[in-house]
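In structure tokens below, several structures.
Common to both upcoming complexes is chain A, partnered first by chain B, then by chain C.
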Partner chain A sequence: MTLGPLLALIVVLAVAPALPGLATRTRAFLTGRRGAPILQLYADLAKLIRKNVVYSRTTTPVFRLGPIITVASVLVAATLLPLDGHTALLSFSGDLVAFAGLLGLGRFALVLAGLDTGSSFEGMGASREVTVSTFAEPALFLGLTVPLLATGEFSLGGMLGDRLTGVWATAAPSLSLAAASLFMLTLAETSRVPVDDPATHLELTMIHEVIVLDHSGPELALILFGNAVKLALFGGLVVSLLVPRGGLPGWLALVVLVGGLGLVAVGVGVVEASMARLRMNRVPQFLVAASALATFGVILLLR
Partner chain B sequence: MSGLHELLLLCVVLTNFWVLGTTRLSATIRATAIQGGLLAALPIALHPGWSLHIIGLATGTFLVKAILLPTFLNWAIREASVRREVEPLIGFTASLALGALAVALSFGIAERIPLPESDSALLVPVALSTVIVGLLVLTTRSKALTQVVGYLILENGIYVFGLSQVERVPFLVELGVLLDIFVGVFIMGIVVFHINREFDSLDSTRLTELKD
Partner chain C sequence: MSTVLWGAALILSGGVAAVLLRRWARLADRLYATLLLAGGALGLVPAIETLGGSPASTASFSGSLPGGPWAFALDPLSAWFLLPICLAGPAAGVFGTAYLAAERGHRNVALAHALFAALLAALIGVVTSQSMIAFLAAWEVMALSAYLLVVFESEQLEARRAGLIYVVLTHVSTLALIGMFAAMSTTTEGRTFADFAAGSQVASTPRTLAFGLALLGFGLKAGAVPLHFWLPGAHAAAPSHVSAVLSGVMLKVGIYGLLRIIGLLGPAPLWFGWSLFGLGVISGVLGVLWALGQHDLKRLLAYHSVENIGIILLGMGVGVLGVSYHHPVVAALGFAGAVLHSLNHSLFKSLLFLGAGAVVRATGTRVIDRLGGLGRRMPLTALAFGIGSVAIVGLPPLNGFVSEWLVFGGLFSAARAPEALRFAIVGAAALALIGGLALACFSKLDGVLFLGQARAPVPGGLGVREPGAGMVVPMLGLAAACIAIGVFPMLVLDPARRVAESVMQVAAGPPDEWAAAAPRIASVALGVLLAIAVLTWLRSRLRHAVKPVVDQTWACGGLPLSPRMQYSASSYAAPLLAAFGALAGVPQAREATAFHSHPLDLIQDRAVLPTWRGLESLSQRLRQWQGGRIRWYLLSVVATLLVLLFYLMRWKGAV
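Up next is the complex of A and B:
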């Protein structure tokens, strides 16, 4: 086994905290403000790690396990993606189900931790987070079905790796539709604007933020880092679909990936600046639209 | 050139989804205008040679479908001061899901229809799905203006279907069809005004109420 995938994973984990900063900075720039520095999240993480943890007396060990399981599942999910453009660290047939399942497990642990605090607001946020993910999951599976059908590979490492380059010429429309669908999903999964607003701190409107209200110190740092890595993973999916990197040498593929992730983050910022947040009952419609795009991509390939 | 018309047809389907998913009346009109523009570019993309037939068809389509009708509908919104929300009888989420189903269905049906060889494999399925989506908009939206938009989309689907046989259809017939739509939409516009004056609303469900 070569060091390529491992190196790519380390690089992605290292740049991940810059992505939310880049998105927020783009949004601030486009709305005529200066905004926080791009590297703000690194400073936040460093600060939070040095702090103490405060636990509410009503919480149980479920609350403490939440952030750890979340980060662990996101990190394992990251090993399934062929981040260097060729192969993934871990790869087996049907691992896209494991990918979706790991992300679901992370969210489940966080939702349980939120419910464990006994706060009614966190319960509300938990219910919303789960509702959103119910609609997001079909879109994820349909989006990943497109490269599966295009390459005939059943593992993420195979379908997004070397084989994709060969079929890109014929399956380009489907793959672009899948990438568009996954980009919409990125906004929902990482709780960005049309679905959720990372900047809001009003209990009635928060979705993701409200669940993590009671977490503090290193545990909050873990959650923030996990969310940044999740953004990098979904961005990595979009970039892999749009720019097959099978033919590129290792270092160039990595540069393309990091550049692509930057562009995805800027794209997220542009979306945040250009549209208002959707009403809560419009969120399923947004995600069904993402599923419809992916379905269309699948149909084009089945023809 | 083969890639271009496929791209145009994909965009036609995407505008269909847009009409199904949007909540704004003005957005549905903008979507049909864009769809009209895409349809006007289609014959040129399908037949790169500059024949008079194709150019005439493209210009006529562009003038009527991308400029005249959207302008007329926008004017109708302003004059009738319609509330800008589309009011569906079934939810937007359900409409989108049905739209996706319609696309799947039409791709399935298109393979089984015995038709003379057409220029693009995508033409017939896209035409069928556009017709179904038009029908869906026509039947599930309660505002009379949105129903006009549905009628336009339905007609766009028939136009795409006609494009698959464009060499066999005389030019005059195409122009006649364009004129028909124009007159049809014009009459609908007048009907819409009368509904609006009688009922102070464009909600066509109220047409079932009896009044002295």
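Up next is the complex of A and C:
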């Protein structure tokens, strides 16, 4: 274990809460409004941590454990990515299965925490969340199969690290398709338009927001932070695929990553400003399209 | 090997003791449970020694036994499949003494215990026998004792119907196996497995036939789609501790049989590997999709067994293809994933069925949508069931993840092969979809059963409480095994690899990057547990937020939420089922004030039963000839004679 990947992880965790703010600000700017400050989420987190909590009479310890397990699993998933462009903190063959599994564990815990309230709103959100994630799962695996085949490495640290630079010239079409697919997944996994709308104020149209309707105080802070880190992780996958950073020195690779994450957040904002949320029954089609893009990328490499 | 047979004898004697001492119920239960546990331990010790690298041991009985000497052996493959029998079997048996205690007044509980012991002993016989007649004898004892246990609640029409379908199909399976052995016997005089292995190495019609019949016979027993339709009914109708063994252990003898045949007959043909692969994908996806639509707790779990058998077959298919295309690394990953998932599934599926048993015993219903909020009344059951759920979905840090990781590893390695093998990457997308659907299904089950509020008053609703130690301890024991394998995968990865090599009959090469991953998987698991502990500690340090305001759930500022407003299991699954359309097999009926959905089994209700009814009506029509009218019979005789005469004249020139 070296300082490089650890430092990169700390930097990414530190800038993650700025990303949703950047996306929202971009959306506001493009639709002719001023919008909340980019750093709003930091202030929200600080406020929520200082507040007391309200629990429903119906809930059990599952309600309190949900946000904790979600953040814990997202943090461990972050150690599997080569954030400094070279190596990951923790790397082994097939660790992309662990990456997907950890995100699944976080989702499982959060969905159960929502169902623990016995509210029809939370039930509805949980049901929609698992529907969306079911269709997202094949797209994630196919998307990550592309760099796996391109580099011949079985670990995320290997396939998105140094080896990617050498094969980028030949595998660029596939990698771009995978990056497009993963960008679509980013929108779905972090509850952005066109799958979900973070700005909606009607429970019936929400997905992610409505699962956490009854969470408050530090627990809500954990959930918001976990979601921001998830955006950073998926954005990190997209950036790693599009900009191979193997040849760069560690600090420059990190700067490129942070800049790239900012661009991904701006991209999310542009998508949010330019289209409406899809009808719920169209969401599976959106995600199947993401799987199809990744499949094309895989087929190009299977030739 | 003789230790294992002594273990089987102890288990059988436990069953005999349960019947002989049935007057003294408590003593009989204690003795029965002790003998099951002792027998299981006697089976486990030599199995673990063999998996650790001890040479295979054998035992043989000659004399006046039919079919030559009855040979038994403990090689790595047999030893591996002894683990589920000796771990999950006694745990379910102990649970069964507490579970059936309530039925002692009106059902023959002692006989059920005896049959259960016979089932376990027969399972041990199936996975250790090395000669044809011994194998078939143990197979038939297993099938029949399982049948009698399925119809244990024989006053229920549902149990009798499920039993009938089961007993017919299990004999189709036996028949296929007899045919398979007959095909293998054409090339050799002997009747032991070693003789078959020596006689069937070269490609020939009997060898192809043997592979085909093995796929039918063992595939039926394992419950692969489309041969699965006997399974949900039988596993739902049996008493819950029996369902645990039927689903967790008995399905695995189908897997054992396929692996044994692959090991005996040498490199399997390509069509066999791709068939296993295809059956795996179809069973996996359809099994979990059909599970999602079920309203009955135990039927839902039974369909999940179909899904998990699919994952195992997928791994096995990758293994067979890896051998055929000469990629030992791919083959070792596929086979190791298949055998490890067999063990893991036996642990978590038994755990889940025992948990379902505890719920059914406490509430008296298997209908998911009538339950809710049980977590507060049965916290330990809820904890154990939750651990089983995370394990079956294949999430870290539990055991299901480790075996699915191996299968994924086989698929990813296959994708890099130059041959047609690379198209096996389709399996990775299927496995990912299966994982997503399983997460949806078990979040629904856990959420609706244990969280929220009770949905309907259950008979004796106030009396719903945690079952006694006799039911809780076996569940917690199985949950502990799930955690142990998930956090310390090195315990099982090397033995699984050894089993894979014994099936492939090729050394998989030196330990590679996949073998080196075990400690890293352990650090992922420990990392998650550590992060949860640290965050929980940090959360408890926020002094201002440890005395929460307690109020009702947010209801948009309106009246308090009633239990009937909660999302039900059906509404939870509806968007996913709608996305899959008719494939999900849950037709809906809407009226102005009511909504019904009734899950069908597409194979049984849309293919098998219509065919059966068609045959029946055809035979009804033929019956008109048998109306007792002499002139019709005479006409038939004359017509037959004319046809025969014509045939002889035209083609034989005899006239």
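Everything below uses one rule, namely that the second predicted complex is superposed on the first by the 303 of 303 C-alpha atoms of A that agree within 3 Å, B and C clash if a C-alpha of one lies under 4 Å from a C-alpha of the other, contacts with A are read in each partner's own complex, and residues count from 1 in each chain.
What we mean here is this: a residue touches a chain if its C-beta (ideal position, glycine included) is under 8 Å from a C-beta of that chain, and two chains touch if they have at least 3 such contacts.
In this text, all values refer to a predicted model and were calculated from it rather than measured experimentally.
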{"item": "Combined model on chain A: chain C and chain B, fit or clash", "value": "fit"}
{"item": "Dominant contact partner of chain A by residue count, chain C or chain B", "value": "C"}
{"item": "Which of chain B and chain C A:79 touches, first, second, both or neither", "value": "second"}
{"item": "Partner chain(s) touched by A:166 [first = chain B, second = chain C, both, neither]", "value": "neither"}
{"item": "Chain B versus chain C as contact partner of A:302, first or second or both or neither", "value": "both"}
{"item": "Partner chain(s) touched by A:293 [first = chain B, second = chain C, both, neither]", "value": "first"}
{"item": "Contacts of A:138 with chain B and chain C, given as first, second, both or neither", "value": "second"}
{"item": "Contacts of A:284 with chain B and chain C, given as first, second, both or neither", "value": "both"}
{"item": "CA minimum distance (chain B, chain C), superposed complexes, angstrom", "value": "9"}
{"item": "Intersection of the chain A residues that touch chain B with those that touch chain C", "value": "284, 291, 295, 302"}
{"item": "Contact set on chain A toward chain B in their complex", "value": "173, 177, 282, 284-285, 288-289, 291-293, 295-296, 299-300, 302-303"}
{"item": "Chain B - residues contacting chain A, complex", "value": "6-7, 10, 13-14, 17, 21, 23, 91-93, 96-97, 99-100, 103-104, 107, 111, 121, 125"}
{"item": "Residue ranges of chain A in contact with chain C within the complex", "value": "49-60, 62, 64-65, 68-69, 71-73, 75-76, 79-80, 90-95, 97-98, 100-102, 104-105, 107-108, 111-112, 115-124, 126-128, 130-131, 133-138, 140-142, 145, 148-149, 152, 154, 203, 213-214, 217-219, 222, 280-281, 284, 291, 295, 298, 302"}
{"item": "Contact footprint of chain A on chain C as seen in their complex", "value": "372-373, 375-376, 386, 390, 393-396, 401, 404-405, 408-409, 412-413, 415-416, 422-423, 425, 428-433, 435-437, 439-440, 442-444, 446-448, 451-453, 513-514, 516-517, 520-521, 523-524, 527-528, 531-532, 535-536, 539, 542, 544-545, 547-556, 561, 563, 565-567, 571-576, 578-579"}
